[in-house]
Structure formats: structure tokens, C-alpha cells
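What follows is chain A paired twice: with chain B in the first complex and chain C in the second.
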Partner chain A sequence: MELKEIIFFILATATVLSGWLVVSLKNIIHSAFALLITFFGVGGLFVYLSADFLAATQILIYVGGVMILVLFAIMLSEKVYNVSIFHASKILPGLLVLGGVQVVLLRVMIESPWRIRAGADSVMRPTTEILGGLLLNEYLLPFEVISVLLLAALIGAVVLIRKEVKRRREGACL
Partner chain B sequence: MPETIIPAGYFPIILFFVIALFFGLVTLFFGSLIRPNRPSVEKLSPYECGNPPFMDSRSRVFIRYYLVAVLFVLFDLEAVFLYPWAVVYHKIGMYGLVEMLLFIVILLVGYAYAWRKGALEWD
Partner chain C sequence: MPVISLESYLLVGMMLFAFGMFGIITRKNAISVLLGFELVMNAAGLNFAAFSHFTDKTIHGQVFTLFIIALAAAESVVILALIIAVYQKMNTIQIDEIDSLKG
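Let's turn to the complex of A and B:
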């Protein structure tokens, strides 16, 4: 086995194992840190697919941003220790959903026309430069619209949370 | 497994992770060999300025801090779009700079709004 395959299997195992830990650990802070490893592992797998922009996005947004949101959500929540998400009554619906998703994934896996390249063309190259060129030339309008979308999300977040804070303050005064 | 070749630029990152991992493990391992190990209840309790802890150190934080986290994620997203731009900057030059400035100015409006509304204040 070559080094890159060993690293791939380490990455894949770490991703799956930590994903399992996320749903099985009792302390949700530990779950959150296991989720961190899952995000990192997925980022590493993106690198293996030569999707370096996706990998950078994964690290910046998920490891850097979404993890912060998750940790803040935990700090805001009341119950942190001894949390169990296992409910005996939900095994059957859970299995049904899982089975459905599996069917869809398998169908996509088998039926998609995967472009498998051979020979000298199989060397995968970094994609960020191509993406950057496309974003700033051909897809300039969508690129600028993204900033408007982010602006809307920003203002929405400020408005929503300020309302919540104000309501709480008034509640505290009464 | 299909033939995938990791871009050579990632080798230093792997090396960095390996060295970081070994640095931590080796330090802990040799530390555990050398240091005396005589635990007692007092030594193992959380240190709180010398006083015995009187309550759970964990408490719920105010919902307002969540806004700071949300704002951080939004500006994080903005930073992601700076990355492909920075990679092609030497090719596009002035044209790209103007486009990116427009992108950032639109977001600065949101920043100014959040600032104006006092969303960044820690009271």
C-alpha cells in the first residue's frame, strides 16, 4: 500500500468513527469536538478529490464557523451532560429514513456517468484558479449577488436577535 | 481506489500535522515518565483561585453572544470568496480589484448597520 492510500484510510476511518462518536457520546461538548474531527476529515477527503477550494471552504466555514455556532448553541443550552438521543420508539422510522437515503445514494453511485480519466490526464490539478477566473469574469453578477445575499442574512440576523433580546429585557423588568 | 494524486503542495500540511501530533504525544509521554505522580482529591479538583468550587462552573450564556457568532460566520463566508480572487489576482489585476471592492463595500454596509444598531456592543 502506498503512503497516499494509508493516509486516505486514516482520514476515512477518522471521519466515520468521529461521526459515530457525535451521535453516541453522552456529553454534547464531546460530541461537538468529535464533529470537529468529522469536518476536518471531510476536508481531507476533498483534498483527495483535488477539490482544493472545497477543502479550504470546509476548513474555513465548517471547522472555523459552523463549529463556533455549534459550541455557542451548546453554551446557550441548559442540558449538556448525560444527553441521550436514543429513543426506542424512533428506531423504525429512523431505519426507514436511513434505508431511503441509502437507496438514493446507491442509485446515484451506480447510475451516474462518472468521468473516469486515464493516462496522463488522470493527474488532478488544483481548481481554485479556474474557479476564481470564472467567478470574476463569466459569473460576475452571481458573485456580486452573493454579497447582497450575505448582507440580507446579516441584517436579518441582527433584526431577529435584537428583537429577542429586547423581549427578554422587558420580561426581566416586569 | 482510482488513481488520485494529491497536489504536491499538501505535503507540508501533512508533515505539519504529523509533527504537531508527535510534539504533543512525545511531550506528554516524557512528562509522565519524569514527573512525580501523587494525586489526591484536592489536587484533582478544578482550581478556582484557591477557593473550593461552590457551583458548577458551566452556566448558560446570554443569547446576544450568539449574534456575534452568526456575524462571524457571515464574515467568514466573505473571506472564503477572497481566496479564489487572491489566487487569480495577478492575472485579472485592476478589474478584479474593483470587483472585489464592490463585493466588500456591499458587506461593509451590513457591518455598518450591525455596528449602528449596537449589535457589536458587549453590555
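Let's turn to the complex of A and C:
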């Protein structure tokens, strides 16, 4: 194996293992940090797909944004230790779904004749310029819709949190 | 089979997706369910990027991954806001204890 294949193997293994830790660890803080490793692993895999902009976005948005939010929400809400976080009755159906999904997807993956483009491994070119062109020409409408959606999410989050704060202040005044 | 191939990416994506589904089904804590959901979204994005790299000359798949990342971020913000609002009201985020419809 070449060096890059070894690194790829380590990245993929770390991603899958930490993905399993996310759903199996008992402490929710630990599972959040396992998810952090998964995000980094997927970012590394994006680099191997010659998707440099995606890798940077993955690190910036997931690790820098979503992870921080999740950690804040964990610390603001529930006590972390000694919380029962598994449905004991749902573990068997969960395992069935896990196995079923894997079997079906494995069959599709093995039996489908994927048309691999020749020389796909060797191409490593910067993608930011092409992505910008695509977003502002071909995908302009989805781009605008996403921006409206982000605005809606922003306002929605503020409204959801703010109502409760106001009510609590009124209660304190009374 | 070479180590870096479409199949290995699909394998990683499949694992992440299945684990995410498992987490969504088995977890009791609302934030843990959200973590499973993030795994599923990551798996979808990874598959789009892998297909775009291995089977297509253009990078249209990466645009979809960008949209998925934006969607996942927006949704997790709203979900976390909901979780905190529910916690302030009902003092718990265990999803089996949140069973009243009108506060």
C-alpha cells in the first residue's frame, strides 16, 4: 500500500468507528466529541475526493458551528451523567434496522454496475472557482431558496428561544 | 480492488447512515437523536461527493453536498432552539417524557 492509501484507510476507519461511538456511548458529551472526530474524518475524505472547498466548509460549519451549538445545548439543558439515554425496548428494532439497511445497501453497492470515469483518482484540481460559477449560474434558484431558508431558520430560532425568556421575566416581576 | 475506490466511499457512507438510523431509533435524549441525524446527513453528503468525483466529469454533486451542509446546519439550529425551549418549559429533554400537546 502506498502512503496515501494508508492515510485513507486510517481516515475511513476512524470515521466509521467514531460514528459507531456516537450512537453507542452512554455519556452524551463523549458522544458529541466522537461526532467531532466523525466530522473531521468526513472532511479528510472530502480532500481525497479533490473537494477542497467542501472539506473547508465541512470543518468550518460542522466543527466550528454545529458542534459548538450542540455542546452549548447539552450544557444548557440536561444533566450529563447518570442519564438513561437508551430506549431499552427499542434496541432490538434498532439493531434490525441497522442490519437491514446495511444488507440492502451492500447488495445495491455490489450488484450495481457503476460507471467509473477513467483516471478519476489522479485528478486533484481546485474546485472553488467552478463551484462559485455553478452556484451563480446553474443553481441560482436553489442558492436563493437556501438563503431564504437560512434567514427563516435564524428568525425561527430567535423567536423560539425568546418567547420563553420574556415569559420568565414576567413571572419574576409578579 | 484498490483501497481508494467508489466502493470504499460507499461503504463508509453506508456505515454512517446505518449508525445514524440506529441512533435515531434507540436514543432517548433529544440531543442524541440530533447527533444521529447529523450522521445521516454527513453520509448523504459524502455519497454525493464520491459519485461526483468517480463517475462524473463535472462537480455538480459537490454543489448538492454544499446544499446538504447548509440544510443540515439550518435544521440543527432550529432543532436545538426547540430542544432548549422544551427544556425551559418541561424541564426535561427525554423524548419519551415529553407527551403533552398543549404545554
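We take it that the second predicted complex is superposed on the first by the 140 of 174 C-alpha atoms of A that agree within 3 Å, B and C clash if a C-alpha of one lies under 4 Å from a C-alpha of the other, contacts with A are read in each partner's own complex, and residues count from 1 in each chain.
What we mean here is this: a residue touches a chain if its C-beta (ideal position, glycine included) is under 8 Å from a C-beta of that chain, and two chains touch if they have at least 3 such contacts.
Just so you know, these numbers come straight off a predicted model, no measurement behind them.
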item	value
Partner chain(s) touched by A:L76 [first = chain B, second = chain C, both, neither]	both
Residue contacts on chain A - larger count, chain B or chain C	C
First (chain B), second (chain C), both or neither touched by A:L54	second
Partner chain in contact with A:G94 - chain B first, chain C second, else both or neither	second
Touching partner for A:I161 - first (chain B), second (chain C), both, neither	both
A:Q102 touches, of chain B and chain C: first, second, both or neither?	second
Contacts of A:T15 with chain B and chain C, given as first, second, both or neither	second
Contacts of A:G64 with chain B and chain C, given as first, second, both or neither	first
Set of chain A residues, in rising order, touched by both chain B and chain C	4-5, 8, 48-50, 53, 57, 61, 65-66, 69, 72-73, 76-78, 116, 131, 135, 146, 150, 153-154, 157-158, 161, 164, 168
In the complex with chain C, residue positions of chain A that touch it	1, 4-5, 8-9, 12, 15-16, 19-20, 22-23, 28, 31-32, 35, 38-39, 42, 45-46, 48-51, 53-54, 57-58, 61-62, 65-66, 69-70, 72-74, 76-78, 83-87, 90-91, 93-95, 97-98, 101-102, 105-106, 109, 114-117, 120-121, 127, 130-131, 134-135, 138-139, 142, 146, 149-150, 152-154, 156-158, 160-161, 163-164, 168
Residue ranges of chain B in contact with chain A within the complex	1-7, 9-10, 14, 58, 60-61, 63-67, 69-74, 76-81, 83-88, 91-92, 95-96, 99-100, 102-104, 106-107, 109-111, 113-114, 117, 119
Complex contact set, residues of chain C against chain A	2-12, 14-23, 25-29, 31-32, 34-36, 38-39, 42, 45-46, 49-50, 52-60, 62-63, 65-67, 69-78, 80-85, 87-89, 92-94, 96
Touching residues (chain side chain A, partner chain B) in the complex	4-5, 7-8, 47-50, 52-53, 56-57, 60-61, 64-66, 68-69, 72-73, 75-78, 80, 116, 122-126, 128-129, 131-133, 135-137, 140, 143-144, 146-148, 150-151, 153-155, 157-158, 161-162, 164-165, 168
